[in-house]
Structure formats: structure tokens, C-alpha cells
Amino acid sequence: MIQLFINYYETVAVIIFSIGFTTMLLNRNLIKKIIGFNFMDCAIYLFLACKGYVEGRKAPIIIDGVQSMEAYINPVPSGLVLTGIVVSVSVTAFLLALTIRLYYRYHTLDIEEIIVLSKKEED
Amino acid sequence: MNLVQNFPFLSIILTLSGGVVCSVLKGSNARKYCYFVLTSVLVGSLLTMAYVLSTGESYVYMMGHFPAPWGNEIRVGVLETIMASLFSGIMLLSLMGGMHHIFEDTEDTKSNLYFTLVSLLSASLLALVYTNDLFTGYVFVEINTIASCALVMIRYRSGKALVATVRYLFMSLLGSGLFLIGITILYDITGHLLMENIAQSVSVLFQTGTYAFPLSVVVVLFSMGLAIKSACFPFHTWLPGAHGNATVSSSSILSGLVLKGYIFLLIKIFYRVIGMNIIFHERATNVLFIFGVFAMIIGSIKAIQEKDLKRMLAYSSVAQIGYIFLGIGLGTEAGIAAACLHIIVHAITKPMLFTACGGFMDVSGGSKKFSDIQGAGLRDKLSGIAFIVGAMSMIGIPFFAGFISKVYLTTAAIEYSSIKTVVALAALAISTLLNACYYIPAMLVLFTHPKTEKVHTHPRSKEMSLSLYIFIGLNFLMGCFSQPIVNAVIQGIAMFR
Amino acid sequence: MNLFVMLLCLFLILCAISVALTKDILTSIIIYMSFSLIMCVIWILLESPDLAITEAAVGAGITTLLFFATFKKIHLIDEEEERASHED
Amino acid sequence: MKIREDYEQVGWRKLIHWVNADLQEDYISKDHVIHDQLHLKENAAQEKNKRIDELKSSLQALAKTHGKQWYEKSYRIFSIFVAVAMIIVLLGVVSQLPSFGDPSNPANNEVSERYIESGLQETGAVNIVAGMILDYRAFDTLGESHVLFIAAVSVLILLRMDYGSDGKLRKTKGIRDEGYDRMYEPRNDLILQTVTRLLFPMIVLFGIYVILNGHISAGGGFSGGAIVGAALILYNNAFGFNKTKRFFTYNTFKWVSFASLITYALLKTYSFYTGANHLHSGIPLGEPGAILSSGLILPLNICVGCVVACTMYTFFTMFRKGGM
């Protein structure tokens, strides 16, 4: 139990991940679902990025030639999260474009109504 | 380092840049360029397969100047090259099969963008097959997700396709979210992203028993994430909508190849990263085994109730995915070999069925309801024959491809002496019966008392006939002379470690 | 220093819960914007400035812009439907 | 009455109006035409709400008859159950993971040691993260910029107004024609335009600085490109599409992203090919700290910056108008 307070960043990340996961699963409004997805992704990247942090070390930009490992944190997780942030922006743009297209056709943002309406219409 | 060893890397780069080039060309030039890219990738992977079979062991290709744990790396073995040539070949054939549908469904200013999506999808499939690094796997899983959702959404004029895309995309994003959390926890407890190094530290962790609970949660997250993405039983609700409403070539690419890419990544993670003994200990294989059994039964039952040919084929894909998960669920090497064999068989048969269904839609005024395609098999003879061959192979009649993988699934199940064997054999028998229960009525509808009045028929293009001939030939080849392929798969699995 | 981080994390959790509970979309978009800004501050506390700039420019900047553009586009569609229905 | 007047001026009210796309030209003026329009709008709005309520109630009835009632309840309970189970399992995992910030974590092994110790010598980049992204693990970032490209392609397929081969806009269901272009021309708001005339060059300069210094200080292709993209969006918002059409059309997006992605792929193919076949790649690393140092990282950052800037601007214009 104490470990939860030592890794407090990871606890926060897990709580936000679950809230985002539920908003995405539970909500009927499309834009709410997309915001829930963004929360989920941001939480996973916080969970990944705080793996690389080491107490008392600086950001991995070499200052005046000091190249010992004790001076800098682990650069691998921040490299991975940089890739991840751009992935979640691209997916959000795709989802929002789909929402607009659906709104053109069904004039509602509620996914349940959209499913009911799309079943009624014959293509 | 002879030249052939560079082909896997060059094929990934060619397909990636092919996507970019297609976005600039006109519709018809993009089609020619896409054909060129896919044929060169097919020839390249066949040559690499010959090379790897001759040397008898897999080699590692270093991407960049820095060796493995620092830089990226792809690993090329027999199984990988078989899958790569299968994926590029089938993608080429399904594109040829549904070509005039593509140009009908998309605007003429946007049809070249369809070929961008197809070549980027084949790039991500190749990268998923070859990669030896988990995070590279995640990046290309994302490309795969967006490309396959865009393939379904290309028919955005029909509202059903849009709704199916939204549901498919949300479920797929849940899957890749769980997959990424699995990678993070694994990176945290082992410190590596490369598959070999993770395997070593995981086996050490397993012996000493440290981080036992996180390790089992990682196994659960990987299997759940990739099961959601490959439409395994409880998470298959998005599949009938997505595959039922996409264009002909999109649905054959999606059900034939995209689902298999994720399953192959799951096999790689289970077999090479975590190791089968730990998976066995975690009893993850039992869970997948039960999912497979349920998928086989309930997928077929749902397919029987369908009134729409394409949705019926989509539900039968859910059942066939259940066969593959049954193979993985057995947990033995023979089980995984049977699963790989069924991946090959299903990749050959299902796109043929979807292309034939495209042919039936052409001759019956574009509708896919059973009531409208009454007797379409007689109006379009070649699609009818292709549908018969596909249905026979799905049911598992000897001399057709499906029979081979069913035989190996049963031998793998028999080898395994416990309750699992009984359940596996019962499931195989029942689902073969259920397959017959929906393919034979479909064939009856297609080949009896055709409608008399002249329905607007679309002259079948040469490309489609060629692709159907090749599909039928492949099916018979796999059905009758399957021994070399089976030996290659078994040798690949042995070399896979 | 620890108290400051605790407050930020508490704010993150409050943002997540309030978006789950509010009905109005506009307020949830604005809450998401503040969530992204706090994430930039946390990236700096975790000693990774690369992430802070990227999250600020791409996460808080462009994503929220797209949300507002979608929200406005939806209202525009309603306007046109009315205008079209008035004319014909 | 006075409070209402000030309330109207407050920026917040303007933001709400901007977002609700109220099209009154000049909100402050008091003449009757505006008031009549307001009344007209109000009862039109009521009418519309009535219609929507009828549609909703019919839908509810339809949903009810489909036995959706118990399905919705079980779906809600099931999701809450999944969320609670997930929190418990993941908190259990977090409590057993190595503690935060402790130097002896398994993650600080020989992999990150080599990145830090010999990162400067091998890649020439002072910013080790940029060196790692564009040189050590370059294959991920190559896939990464193609993720952004494929998202741009899908948004183009969905939202771009379908122009027929003859260049005339083809009427597709639900999309209005060019006639409403005035709707997209933003009200030339004097404050916004003067501020943009001041800010636009600053932001673009800062974006270019972030791209060029990717390998020296924090930043790089992705963030710099997003900053330049944001500047373009600001310019479009202030001066409208006719002004931005002069220097940025759909063709520029197509050819700029094509050129930068192909050069990115070619440069990376060269470095992967020479690396794998153990050939010496004669790219000078330059002396660290200078702009023209660290071999391929600078051109790659510029390519990624161009792709990201064009894609972000295209996202905005596709959402705003469905055309450039």
C-alpha cells in the first residue's frame, strides 16, 4: 500500500486511465467518447514517461561536456512518448472527421440514436 | 551480407513510400503503381523465402549503424517470409478482384487515396510480421488500425459504413491502449524493448518469482488487447458491420489479412517474448482455447441466421478466427503450427468468397440480400464456381485447402491428452456441421431458379476473372500438394525460438 | 515541492472526473484543454522538456483547436439546414 | 440595462457567440433589424427544438420496443464493473512495480547508458532524445510520420468537398454548395487582424527556431511543425481563405508532404542500408553544438517539420470549410 504513494505518478496515471476508459465505454455522446479516449492516451503516456525519471538527475541535454550516466535521466521513455503524442493527435483528428460526417447525415451526436437511425434506412 | 537479405527491409520501405507516391498520382496511375509495388514485394519475399530455406536458419537485419538493443532490428525466418509473401500475394489478388467496385464507390478525385491506404496497410502488415521490437510493433499496429478503418470508411456515402467505422475504430483503440499498457509494464520490469532481451529477463524473473503478479497482468493485457483487435469471440461485435458494409476488396483484405497480422504478432509475443512454458503456467492458453471454442460455435450460429450474404461471410470469419485461437489455445508447438496453417488457408479462401460475392452483386443490381441474388451463380458462372470451391474448403471437404488445416488441428488436439482434446474434437465436429448448415443453403439460393427478367449486369472485368482463376488454383494447390508448405511451416516454427 | 506535485495530480483527477460527469460538451472541451496544459507542466517536472513542448504545441494547441472547429461546424450545419429549409 | 450592456462586451460572451456561430455582423449596434432577426431566430429555434423533441421521443419509443431497456441498464452496470476491476488490478500492479525515481530500476541498464555516454560521439546530437529518435531508433519515427500522413489522407477522404473532374463542386447529399462561402469568410475583426500582423511572423520564426535547434535544445520536427501550423491557422482565422489561398492551396499541401516524406524515406533508406551492410556512411557529424552538426538529424527535422505543419493546417481547413 505504501508503494502506491511512492509511485504516485503511476497511481494517478492508472486512475485517469480507468476514468478515460469508462468515459469512452459508457458515454453515448461521440465527442465525449473522443475526449475519454484522449484522457486514456494521456494517462498511458504519463505512466510510460515516469518510468524514465531518476531522482536528482537532469533532462538528457548534454551541458558543458558532462556525459556521465549519473547526470541525466533515461531518454528512452521520453522518446517513445513523443511518438505516442503524435499518434493520439492523428487518431483524434480522424475520429472528429468521422463525427462531422455522421452529423451531416444523422444530425445527432448520440451513438445509440445513430445506430437506430442507420438500421432503419436502406442503403 | 548478400543482396537477397536486404529484400525484407526494402519491401517495407517500398510499400511505405509507395503510399506517399500514390497520394500524388491520378487514380489509374496510382492503380498501376500499386500493382507494381505489390508484385515486387511478392517476388522479393519469395526470393527471401528461397534463400532462408536454403540456409536453414533465420537471420537478423540491423536497421541502422547500431546493433540490436540500441537500434531497431528485424528478424527474417522461414515463417515470416511465408507470411509476408502470403499477405502481399493475397492483397494483390483481392485488389484485382474488386477493382471496378473501388472506382464505383469512391469519387474520381479520391480513388488514388484508396491505393495510398492499401500500400500503407501492406507496409504495416510486413512490419508486424518482421519486427523484433515491441514498440515498433505498437507504431505499426497504429498504422494498421487507421488504415483498416479508413478502408471500411471509403464507402462513406452509405451511412451504415460510417457507423461501422466508428464502432470499429473505438474498439480497436481500446485494444491498442491495453497493448501499450502491457508494453509499458513489461519495459518497466525488464528494462528492454527487444524481444530476445525481454525473453531472457522474463525467464529469469519467472525462476526467481519476482514481479510475478505484474507478469501475469502483462500476459492478460497482451492477450486481451490483441484479442479485441483480431475480433476474438467476446469482442467480435464490430466485425459483421465493418466487413459487411465495406467495398468488395476492402472486406476481403480486412478479413483475410488484417486480422491475421495481429494474430501473428500475438503468436510471436507468446512464443518468443514470454515463452510457452510461462504462458502455460499462466493458463492464458486455456482462456484463448475457451474463446476459440465459443467463437466457432456462436459465430456459425449467427451466420446461419443472416439474410445478407456479406454479413454471413463476416460471421463465418468470426468462426474461422475461433479455429485459429483454438490452435493457439492448445499451447503445444503442433497447435501453433496448425494455427499458422489455418491462417494461410483462411487467407486464401475468404478473399475468394468475398470477390465471388462482389461478382454476384454485379449481376443482381448491386444488392447483397439473399432474396435479390437468387440464381446469381448461374448468371455469373466463374463467381459461382469460385463460391463453391470456397464453401467446400471452408466446410473442410478433402482435396480443398480447408481440409488440410482441419486435419492438423485434430492431430494437434489428439496429441494433447486431457479434457481439452475431447472439447476440441467436439467443437471441431459441431462447427464443421454448422459451417455446412449455412454454406449449403447459400449455395442452394445461388444456383436455383434464376430470376427471369433482365437485371442490369456489369460485364466482369478481365482482372477479376484472372484473380478468381488464381484463387481457385491456389486452393487446389494447397488442398492437394500441401506437404511442402506444411514442412516449411513446421521448420519455421522450430526456427522461431 | 512535493505538495505542488500533489496539487497538480489532484487537479488532473478532478479534470477527468468532471468531464465524465458534465452534460455540456463545450465545458468538457475547455476542461480537456486545462488538462493538457497541466500535463505540460508535469512533463517539465519529470525532466523531459521535449515532451513539454510537443504536448503544449500538439496536445493542448491543435487537439483543442480541432475540438472547437468540430463544435462550430456542428452549429454551422444546423444553420444551413434551417437556411435550406427556409428557402425550399 | 447597464449590466446587460457590459455583459455583452465581455470576451467570454463573444467566445460563446463565436462558438455558437451567431452570425450577427455587429453585436453592439442597437438598430431594430437586429432585434427582429433575434425574434425570428428565437421562434425558429423553438420550432426546431419541438421537431427534435418529437424525433427523440419517437426514437426512445423505438429503442424501448427493441427491448433496449434492460440492455442499456446492464451495459451501464457492466462498464462500471469493468472500470472498477481495471482500477483494482492496475493499482495492484503499480504497488508491485519498481519504485519511482530509484536509480537501480531495471530500466536504467546498459541501453540507456550507451545512449547517454556515447550518444554525442555517435550521433553528434547534444539533445540525446532527438539523437535517439532520429538515429538510434529511427525506424519508429519513420513509421510515426506515416501515421500522421495516413490520418491526413483519411480526413481528406472524409471531409474534402468532392470536386468533379471538371473542377465544379459536385452536389453530394447533405453538403451545401459554394454559395455559402461568405459563411467561411471570418468577420474582418480589426483587433484580430492587427494582432495577427504582429504575432504571425514571431510565431513562424519561433517555430523555425524550434525545428532547426531540434538536436541542440529541446524541441524538434514535431513540436516546431505544430507551432508553424498553429501560426498558419491563426493567419487563416484573421485574414480568411482568399488571403491564405495566395500562398497555401491543396496542391502545396500535396507536394510539400510528398517531397518531405520521400526525402525522409530516402535519407533513412541510405542510412539503414549502409548500417546493415556495415558500409561506412560518409556523413560528417560536425562539431557538437553547431546548427549544421549531427549528420542527418537536421534535414530529417526539417522534413518532419514541413509534414507536421502542412498536416495540422490541412486538418483545420478541412474541418472549417472542407477545402483550401
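Details
Every chain is named by a letter (A, B, C and D) in the order it is written, and numbering of its residues begins at 1.
The definition used in the following text is that contacts are C-beta pairs under 8 Å (C-beta built on N, C-alpha and C of every residue); 3 or more make two chains touch, one makes a residue touch a chain.
Just so it is clear, the structure is predicted and the values come from calculations on it, not from any experiment.
In terms of C-beta pairs in contact, the better-connected of the chain pairs B-D and A-C is B-D. Spacing of subunit B relative to subunit D, judged by their CA centroids, is 32 angstrom. Annotation: 37 Å between the Cα-based centres of subunit B and subunit C. Centroids built from CA atoms put subunit C at 12 Å from subunit A. Put simply, the C-alpha centre of subunit A and that of subunit D have 14 angstrom between them. Looking at subunit C, one finds that residues 48-50, 54, 58, 62, 66, 69-71, 73, 78 touch two or more other chains. Each of residues 135, 139, 142, 146, 149-150, 153, 156, 181, 187-188 in subunit B touches at least two other chains.
For subunit D, the set of residues touching two or more other chains reads 90, 96-97, 105, 107-108, 111, 115, 127, 129, 137, 140, 144, 147, 150-151, 154, 158, 173, 217-218, 220, 222, 308, 315, 319. Pairwise, the chains that touch each other are A-B, A-C, A-D, B-D, C-D.
The touching residues of subunit B, counted against subunit D in their complex, run 1, 6, 9-10, 13, 16-17, 19-21, 23-24, 61-66, 69-72, 106-110, 113, 116-117, 120, 123-124, 127, 133, 135-136, 139-140, 142-143, 146-147, 149-150, 153-154, 156-157, 181, 185, 187-192, 201, 211, 213-214, 217.
Those residues of subunit A lying in contact with subunit D across their complex are 1, 3-4, 6-11, 14-15, 17-19, 21-22, 25-26, 50-55, 59-62, 67-70, 72, 74-80, 82-83, 85-87, 89-91, 93-94, 96-98, 100-101, 104-105, 112-113, 116-117.
The part of subunit B that touches subunit A in the complex is made up of residues 135, 139, 142, 145-146, 149-150, 153, 156, 158-160, 162-163, 165-167, 169-170, 173-174, 177, 180-181, 184, 187-188, 193, 245. In the complex of the two chains, the subunit A residues touching subunit B come out as 17, 21, 24-25, 30, 33, 37, 40-41, 44, 47-48, 51, 76-77, 80, 83-84, 87, 90-91, 94-95, 98-99, 101-102, 105-106, 111, 114-115, 117-118, 121, 123.
By the touch criterion stated above, subunit D contacts subunit C in their complex at residues 16, 18-21, 23, 44, 48, 127, 129-130, 176, 180, 183, 210, 217-220, 222-223, 226-227, 229-230, 233, 308, 312, 315-316, 319-320.
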